[in-house]
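Letters A, B, C, D and E name the chains as they come in the text, with residue numbers starting at 1 for each one.
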Amino acid sequence: MSQDFILETRNLVKAFKGFTAVDDVNLKIERGAIHALIGPNGAGKTTVFNLLTKYLTPTDGSLLYNGRDITAMKPAAIARAGIVRSFQISAVFPHLSVLENVRVALQSREGNSFHFWKPVKVLDRLNDRAMELLADVGLADFASARTLDLPYGRKRALEIATTLALEPELMLLDEPTQGMGHEDVEVVADLIKRVSAGRTILMVEHNLQVVSRLADRITVLQRGAVLTEGDYATVSADPRVREAYLGVAADEPAAPQSRPASVEALAPEARA
Amino acid sequence: EGISDDKVKIGVLADMGGVYADICGPGCVTAVEMAVEDFGGSVLGKPIEVISADDQLKPDVGSAKVRQWIESEQVDTVAGLVSSAVVGAATKVLTDNKKIALISTAASNAFTTSSCSPYNVHWTYNVTAVANGTVKPMVQAGKKKWFFITADYAFGHALEKVATDVVEQNQGEVVGAVRAPLGTTDFSSYVLQAQASGADVVALANAGADTVNSLKTAAEFGLTQTADVAGLLVFTPNAQAMDPSTAGGMTLTTGFYWDYDDATRAWSARFKERHGAIPAMGHAGAYSMTMHYLKAVEAAGTDDSDAVMAKMKEMKPDDFFARNATLRADGRMVHDMYTVKIKNPDERRDGDDIFKVVDVLAGDQVYEPMLPECNFAKS
Amino acid sequence: MNDKKLYLALFILALAAPAVLYPVFLMKVLCFALFACAFNLLLGFAGLLSFGHAAFLGTGGYVTGYLMINAGLTPELGILAGTLAAGLLGAVYGKLAVRREGIYFAMVTLALAQLAFFFYLQAPFTGGEDGLQGVPRGELFGFIDLSNNLAMYYFVLAIFVFGFWLIRRTVHSPFGQVLKAIRENEPRAISLGYNVNDYKWLAFVISSALAGLAGSTKTLVFQLASLNDVHWHLSGEVVLMTLVGGMGTLLGPLVGAGAIVTIQNYLSGGELGNYIHIILGAIFVVCVLAFRSGIVGQFQKMLKQNF
Amino acid sequence: MTSLKPHFDQQGVATGGRKSHREKIRISDLHAFYGESHILHGIDLRVQQGELVTLLGRNGSGRSTTLRAIMNMVGRRSGSIVVNGTETIGLPPHRIAHLGLGYCPEERGIFSSLNVEENLLLPPQVRSDGMSVEELYEMFPNLHERRYSQGTRLSGGEQQMLALARILRTGANILLLDEITEGLAPVIVQKLGEVLVRLKQRGLTILLVEQNFRFAAPIADRHYVMEHGHIVEEVAANELEAKTELLNTYLGV
Amino acid sequence: MATFLGINLFGLFGQLLVGLINGSFYALLSLGLAIIFGLLKIINFAQGAMYMLGAFGAWLALNHLGINYWAALVLVPLAVGAIGILLERVLVRPIAHEDHLYSLLLTFGIALMLQGLFTHLFGSSGMPYAIPDELKGGTRLPFMYLPDYRAWIIVASAVVCGGTWWMIEKTRLGAYLRAGTENPQLMQAFGINVPLMVTLTFGFGVALAGFAGVMAAPVYSVSPEMGSNLLIVVFAIVVIGGMGSIGGAILTGLGMGIVEGLTKYFYPEASTTVIFLVMVIVLLLKPAGLFGKEA
């Protein structure tokens, strides 16, 4: 027992009416790592995610966070305990300003959130911290903009800033780059790398480039069960993974491209 | 002394658009206006003005309106007054301000008993009169077992109570009662319960559409064949809404019927011309009591409420509506009531020909005697 | 601040108003305005449509009325008791209702309010559909006679100002900030660690207590508590007031209540009463088709466009 | 790379004997608005029968809006859009579909009140030669397995498959596809590429909005690059190499 | 007489049957409401007024046009449906994309206007409408006398409700309707004339209320108020059944008729309230209603 696991699932099962989406999954997330969850469509990644964040209740099995059983905790309590998720599509408060978005998150640790008799000014002392966080994600210049008007990539960045405000120990990111242009993908990937310092990240991602660049460890799910686990090289070399997910014949080498610089690199990603 | 504010102003508070609008709504306004015109439009040289308002059958709306009339619009008296709940609240305000309430349509007997006031005048009928008029002869004729389908609110409860007393005083028996919420659309459940009770008479202690609907259902389920159904309070518009073939033959008590004699016919014809429908008893009552009020103002030489009230009680009401009438010290106007039978379809000339008057009941036989504490002449 | 000036102007107007307008009418407007403002705290600022708010207005009214008649309380204590009772009922109802969302929330509140209606209809102390009649206005703090309409008016005005201030403060408080966040994106608020139901519940309690305050005051003004105060029609009417005025604006409910009460007052007089349903119905239709953001909302839009 | 390259030249080969127009879509000076905001500023583009043309551009550049404008699903539009020889600017959306258009929206639009199979069978057939349900199930076995499941209970990727499969059944011969590879596993993306090539060979016309340039590049005949609601560049497949720099600046590829 | 635990069983059967009859009306009305809400997301508060129009339509047809009950049963719902179509096109359509709250207020306003208009034209006391000769009389069952007309109500309502359910849940047209509610724009892009479908559906939902009105005319009095009292109860039924669930609306309608019937027997004062009690309980236990799909 040398390794320090922040999160463990034990024999996790989720069955929907006559269909087992997650089948006896044992995950161990190492503290401080970036851990990616990949797998074919319908493998059960989102479901595992939802189980971890309590948006779904497990049919069977248990969840351990820092050695503590959290299987029965409520979503908001999980968040306060340090597990925070981001959403697939821009989860921001559209009609609050960018600064206010972050402040709402900071406020949840303040303990004055039920104080309806106090003026809102008491929140101003959170502004400095909020600005710091915005600066971290490159949004300092947009602090007073209405969030609705931000471009997509910036919304993602804001969401990450908001999540960071909670100082999570464990961040859960569900397809953080989905639907983004290449530029934004780069920006967000960099951002994730940056904020991973000092915390643990679990993410679901289809963009292999991002996965290969960021993930320390990868778990491949298939049909609700763990197919294999390891670092990128190990996993991508596994013929079963290549057949079920990557979609290349087992004898061809599979490797993620480094930054595409030429038309050669514009080939389908699964090709060498 | 003299006329306050140089005019006599009458407010008509009635149900302008609700379930009792046909019984005393715009028609009551028409009746009061007719009285004012017939009186000549002015009294003691000062103009008479009529204003009206919709109480929406809500006590708070009605009493607020009355308060406003008195406090900021110089109203001298309020006529109409339909639903007992509204009237209860309105008469409180009127009494506090020493203004006269001319109650034409409300049914409760409370205004001249438990909550009597020197400023209340209750004109047309009350629950006691209709219960006595209808129930007593039936019990005496041997219909001993009674079942009540009662509207579940104060008016229904009051009607049921006085009727129950009448039944019991005459050695009858009440075998059951069921309280149906106001505005019940389906009475079949209650009719079945009435049927199961084995009663001789099923009495409808309700009013308006409730009466129409409960009777209809009673007929449909064959109750009318096995027992007598008695509508305790039926106004002419409601009787017109009943299927003549089932309602025909039913006996009830009323304070007025338009087709009673030439005097009633003459007035009713004028009313129908203006209002579009034959008058219900509240309409005629409203006319009659407004007339009486104005005569009293003229005789008293002032519109001061106490003086007018004294004159009203002193003078004997007498017109096409008020027959053999006295206005008692408690404010109860006691007059001849009529036992009528609803006509069968083949007896009817037209849609307005609905009742046949079978008996005239002397007022003092059907109204309750005056309570000593309500005898304001003494105190 | 511009806002402050506007409020001050309105306050001065309110102080002077009884010189021109019938005080009881003004008091009615203020009571309904407070009711609508309380309702709007939920609808406009927490995104919760309660379709049973009359239950709280009525509870405040009945409790105050009953205690004033039977326990001889002074008006301020009577009102306090009514407000607390409504707040308490709000705490219970709110606990149940906030577990549901959207139209289901509205239906739960409606259904709970119907149960309250049934209670007040059947309970022996309420006087059934006669209502609690003859509630004394009493003497404020034991020495100000409230049977004087003017004295009563300024008392009601003070209550309204307090209620309005509390709502405004709540909206612009740390708590209000969280409410706003919840309304904007509830799942996100949960993921930030907020027990959103607790926040909705507190908003519900504040709103129902203030609705109760409005009801208590109204009972004192009219010296009557009646079933209409707990009827679902009134719950619907307050939605109308709020929409006509402009939901989600602080002043909207005040304006809306003023407009509706005036219209009703006007229509209830005389010949028009005959058409009251037709005219009210037409107002609904026109409002919905042409002025969805309400009078105040429309006004704000115009200001924005022209300046 | 050659294995996936089309087997005909850039002009394509007209297939089928139908007397339809070679030019399937012709858009000129198209402006589109959402409420007050003016999104498209005078788009001109055309697509020939059997061609696969992509719209490239950054997030928010107006690619999806162009497709939606063709379907008359934007707030307001002006200019001219001729589909199969018919001017559609004045037509309601349901009439446009019957000109043989199949639209696969960005947000997938799976119906939660219908199960997977009902979703699949939902769009009315606009032509008779669509793919059969069996063919589609073979192509997307996940859908077959989950066919009685509520539509929106599918995983993100499965919903994407369903959205595409759904319009392939209708027999539409002009496909407007918006980000169909989004959220799909590489193995499926690869398969989709093959499918599109097959469709092209059947003579279908495809207008594709794609973020995944590496997916689009080898199968497309031409590319339009959009920015801020304008078309700023047109690149033929054989010019790709020469214009890499340019694409880099526009797309940040 | 058979008794059980002191309860008169025969009486109880009678109440159950009567409850079922009432439930048939509830089923018809809630079905119309559920179609309009479930498929179009419009909360039609004018549904009660349409029911009233149906009853008045039958009365007017008989008294002014000489159209008998049977013809009215077909013609009046068509006419009411046509009025519904007009309302949808002229008033409801412009706000179709706004919050549901607005359609609720709009239709509430329409209901008020219609009710006011009919009170103004015909008074508030109601009009008599006789049971058609063919259905006069009744059958003596062991436990009660069942009027033929009441039996007819059960049959007619079952046929209409069942047919409607089948059409929506089991046919292609139904699938279009359900999908059209969720994403009308996309349905239109698939080539379906959604606006027309919406209009016709609204018309159909409203026509159901008109049908119920004609059915009701001979047993309840034809009066301007008849719909407004019923409306929130019917609305509650739709919610209990699960909004959007067509079968749920029908079954709950019948069920609530029975629950109400039993309440009338044991505690009549509560008969108008019991449905709300049921609603509170159901919503707290099953958030989406008895037959609703959880989100």
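The working rule: a contact is a pair of C-beta atoms (placed from the backbone, for glycine too) under 8 Å apart; a residue touches a chain by one contact, two chains touch by 3 or more.
Everything numeric in this text was worked out from a predicted model, so none of it was measured.
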Third chains touching both chain E and chain D: none
Label of the chain whose CA centroid is most distant from the centroid of chain A: B
Whole-Å gap separating chain A and chain E, where each centre is the average of the chain's CA atoms: 49
Separation of chain B from chain E, taking each centre as the mean of its C-alpha atoms, in whole Å: 36
For chain A paired with chain B, centre-to-centre distance based on mean C-alpha positions, whole Å: 77
CA centroid of chain A to CA centroid of chain D, Å: 30
Where chain D touches two or more other chains at once, by residue number: none
Multi-chain contact sites of chain E, meaning residues that touch two or more partners: 116, 119-120, 269, 272
Per-residue multi-chain contacts in chain B, two or more chains: 17, 25
Interchain contacts (touch definition) - all pairs: A-C, A-D, B-C, B-E, C-E, D-E
In the complex with chain E, residue positions of chain D that touch it: 71, 73, 92-98, 103, 105, 109, 111-114, 118, 121-124, 126, 150, 170
Of all residues in chain A, those that touch chain C in their complex: 53, 74-77, 79-80, 84-87, 91-96, 100, 103-105, 107-110, 112-120, 122-123, 162, 166
Complex interface listing, chain E residues touching chain C: 43, 91, 94-95, 98, 100-102, 105-106, 108-117, 119-120, 232, 236, 239, 243, 269-270, 272-273, 276-277, 279-280, 283-284, 287-288
Parts of chain C lying in touch with chain E, wherever the complex brings them together: 49, 96, 99-100, 103-104, 107-108, 110-112, 114-115, 117-118, 121-122, 232, 236, 239-240, 243, 274-285, 287-289, 292
Footprint of chain D on chain E - complex, ascending: 172, 175-176, 178-179, 181-183, 185-186, 188-195, 244, 293
